[in-house]
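For clarity, chains are labelled A, B, C, D, E and F in written order, and residue numbers in each chain start from 1.
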């Protein structure tokens, strides 16, 4: 966090952030479920400038077979950025960062999916970042959870993700790219809103013990806002008139 | 197992229909599926497009960067076109390095644009032999329903036509970005690829996924704005007769002209 | 095509090309069958400055087994260039160009080989370019087809390959390296001379509809010339006194 | 087979003990295993340490070299931290490229140090945008008994604290090594990671290999010398409640302070 | 050998070498057996400035299974250098040099291990160079052989390794890093001291036929010195009071 | 299965014959198979050779290019020798990255030449520390019948002896190719490797493929034009006695001298 400094006013004296948002206000979020024909379930999210597609296949047979588990299904997850999704063209081979994010997203979703219902099978979650902005792992998770539900995979709870952070010595919700570059801390959080469990939390940057608590609380509030958008996306898909 | 039985039944039906000049989705033999082209879908990329060709969907982005020229080609910029089938596009796609099919796909799309001289690469040189502008055109297939050659080709062409080239100025012989200033790409023609399949000696245009599985062979012929042929790629196991190849070239010229009208609607498309 | 320009006269006013050939004249072609001891079939070709070795193994068991086809044999093909085969030393790892050429050569040979006669097996065709010149994929195909016949693999027809192209606004047979660098179009073609089918055709460069037809016809004529050389190579091997 | 039966029995025992607040090796819930830190074990490296945390052992070496800065970060040196589980450390480890677990391990150890700003990278610049000093901190796990996050973190911190930075001088604008002259690294704080496992809603500190296999989830929280939190990484399948996460942060602050006293004993450790 | 020249006196007129040793004197050697908890057998060696760890697993099941041999066990060996073990940071991926050394070490150990006693299994020998100095392959072998014995693997004989070389026109025992850089020849040798068989010998640098014999004899004498240290390490482990 | 029964029978026969000092192909124990060396077989390469050693065949090419020197070796040119077993050479060869056998093969061939100081690399420097001439010697095995070490070694030596080094001149401190001008390579000696196999304590020279499979161990000893030994590599599972190793060195010196006479016939071979 905070390796680059510039003249941007991250928070003005009226509590307004560099992109016009209030301290506890997330960026614009739009989710659409069922956007792909081949995937068993899918979702597209725009979260700030993030544009992310998630597709789910399964439960299906595991290849190679030795990875299968006789007691329960397994979840696999791939978070992947398109070459054109970032400022400098990205090499399409998965980076160490993408491999780590794939792993934490998988672990954030695992306890929500009722894997015990379909032993010996796999559910594959493929996340493709078309355009990246601050908070892409949370946005990716939000789309992936909706895609799982869209695929009809039995779930214990939704998983909703949103980051909070510290900017100009203040805890704020959902930090954007500029705030990430020049801010003091970024804490992505994933939350099961009904089971009230945090399934992903990371932190980069320095927080006091008090700020840490505040940051967690702020992020959880953000997750609850996201949850409403996720529910709406699924309702629109299954009950709404949803001309594509 | 089930899949292969369904496949066999579907193939039987496709063959039976084709005997009467009919296709499984009701199209005429030389009819393209509905084609929609949206540009500017990735605002952070210098150019971008989403193309739907029937149920095949491709997102393409152009990144434009400073680069060193290839050795012996110091007087021209760089154009590189890639393609990837994202694993969410197809239950059979696997994440990982591209297989030979995807490598062929990328190279055919690249060559169709390159050999048409669509982009005047000599206009992308900042310092001869040292510093040139590179256009990196990456196609990501997001939904698969056959004929990726044409879908990726149209997405690439639309992305290039509509892209904006940043400006670099030489300051003390160092190329330096001039923020905010952009120009149109140096495009000269609109190449249009038309892919045809041959099933039991019938030629069909724009095969969908079901037809793709039944094809004995295929051919992709690309034409430029003058109606000339600038690239050909035959694929598949069976051969073509001379007459079939002549017929395919005629279909490509006539169908390509129609598709070119759609691509001319794209920002920057009326120039060529 | 045509990215480099120089002072070479590609076609003089008497219709003579830069290497002294006439418009419809191929370069020197020499093929020898049965040149390797280990391979089940083999051939060596010199085609202009191309020097290419092809070796065939099979029909034999498929490894890994899941690639086998219960209905018919499969054909695999590898086109590979030696590091010393070109001007600048080539990295020995297969390039994307080599992978694509391997694929189109395989597809050019597949319909000639009676794969339905040996289900569950594989025929491996290995092509090694010792020295590369213009038209190496056609020369490679010519050697590979002879090597298949030398291996005794049942074939429906020979496959003969030759390119035509456009140089100095004229359609010419079998373009060489200089013509490839500075010419206007290159069209490699593979042809089954008895079945009269074209099993490979590619084109780089711009042709009118008329030129396209002319180019195809010219290339097919070249394939017929190559076919005679292929037949002679096999005759020399099987019937001739052939002191190596 | 046998292994998994033994594992199941051991898990049963661990769970039964934890119900009474006891651990399988007799430790208190928030008690670290014995920690020993030896520095200078690889004299040819600019810094090094061997850390034993219970039966987990890590050897860490720091190589310090001239390098080019990352683009856009031309005003700071380079710090890269890696981790590898050597195949002799664990019967289940495989030689070869790192899997996702090892990649996460390396990245978490790296981030804990990076985000604490332990090393003032701005002090490692020789020529802005061109030439900087790089610290390459490589952890090699030689014996595995769980909790590699903390063992590698302590080894890395001890290696960096005790390393000696060679001196480069500019001669005609070329950075040139001055043989024999070294300086202390520009360290500012001592980050300490504390990894906690959650088994059946009980939080335990520094899980050993048996406990690691039984954990529902885990969290690594790193604090700096001010007692502030500078990095967090949650792992494992299950979630944490808000209260559990607050409790974990308190454990990390208090336990981290004790571990920091051990690390301060390292040469160079008293500075921070 | 001998690509760099400097002012170092490799051998003074009293027959003393640049590090103070006599012509037939090895560097300091210390071996400790049983240093790792997870490995079935292990050893740590300091040989001059070399610091090397060896660990052995097995006999155990072979993965992948098709590598197993129904007649006898197989031995696998990996010699690997830590990134920090040499002057310039080493890429952790195995180099071609490491792959070759792994192979010659394996072949030096194979005939000592009674592999016929445990068919279908594998013994894995992992060698990790923590700090490298001249003669690291011999030191690695010495540690690996002790680790095999520590693992209780039945052995026909110990394997002891030491190099000899040519420095300032003289055959000397156990050449160090400086002697390797500036000397005239280096000959690593591995020896089974009771069976009197040489199981590894390599040579870089020029020797006359006489010098070659002398060099072999000198190295074998070194191996016998090493053998005593290996025996002591195993005795200390199994019989000694050996507070770690 | 069948293969291994045939192999077992053949091994039995080879062992029985060797008891009487006879070999399966009728050669004497220290007799090389017929060796033919043709140079200039790849005219586009700066040097090349095809070597047949019995039914083993290797094609070798030398490419000579400008390059940067290795760090710390700025006062000498570059020599790199590789080897590859082409998949058409052997039904058991697999396309793909080299396995440990092929890596050893390439490194042993490289070392034999390098350690003999055959090429005076100090004569290949254009600008110290910056620009040197590199010789890249690539061996491609086209037919396999055992003893690739010697076949590749002879092919490499013949290619190097007969190669022509292009001329580069410094123009404004930039090395520039002088077209058409070439010179002989700076060779000083002719290294000759002799590979011997040990089967049931009998030493045989130049083992063919059948003998190769039966060997208990092998040794490759390379000598230079002075008859001195410049490289040794022992391989295979079994050990050698001291006396066997001395005997092998004597065989290598005497047999190597004969082979050197053949290599001297190569263009450029009479110089050394």
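In this section, contacts are C-beta pairs under 8 Å (C-beta built on N, C-alpha and C of every residue); 3 or more make two chains touch, one makes a residue touch a chain.
Everything quoted here is computed from the prediction, not taken from an experiment.
Asks: Counting one step per pair of touching chains, how far is chain F from chain C at the shortest?
Replies: The least step count works out to 1.
Asks: What chains, if any, are shared contacts of chain E and chain F?
Replies: A chain counts here if it touches both chain E and chain F, and no chain qualifies.
Asks: Measuring centre to centre, with centres taken as mean CA positions, what chain is farthest from chain F?
Replies: Relative to chain F, the chain whose C-alpha centre sits farthest away is A.
Asks: How many angstrom between the C-alpha centroids of chain D and chain B?
Replies: 48
Asks: Could you put a whole-Å number on the gap between the CA centroids of chain A and chain B?
Replies: The separation of the two C-alpha centroids amounts to 32 Å.
Asks: On chain D, where are the residues touching two or more other chains?
Replies: none
Asks: Among the residues of chain A, which are close enough to touch at least two other chains?
Replies: Residue numbers touching two or more other chains: 88.
Asks: Examine which chains touch each other and state the graph shape they make (line, ring, star, complete, other).
Replies: Looks like a ring, each chain touching just two neighbours.
Asks: Going round the ring from chain E toward chain F, what is the chain order?
Replies: E, F, C, B, A, D
Asks: Mind pulling up the chain D residues that touch chain E in the complex?
Replies: 41-45, 48, 55, 57, 59-63, 65, 82, 84, 86-91, 95, 97, 136, 138, 140, 142-145
Asks: Which of the residues in chain D end up touching chain A in this complex?
Replies: Those residues of chain D that touch chain A are 71-73, 76, 100-101, 103-104, 106-107, 111, 115-117, 217, 219, 224, 227-242, 245-246, 249-250, 253.
Asks: Considering only the defined contacts, which chain C positions touch chain B in the complex?
Replies: The contact residues of chain C facing chain B are 1, 3-4, 88, 96-97, 99-100, 102-104, 107, 110-111, 187, 192, 195-209, 212-213, 216-217, 220.
Asks: Which residues, counting only chain E, touch chain D once they are in their complex?
Replies: 36-39, 42, 49, 51, 53-55, 57, 60, 78, 80, 82-89, 92-94, 124, 126, 128, 130-132
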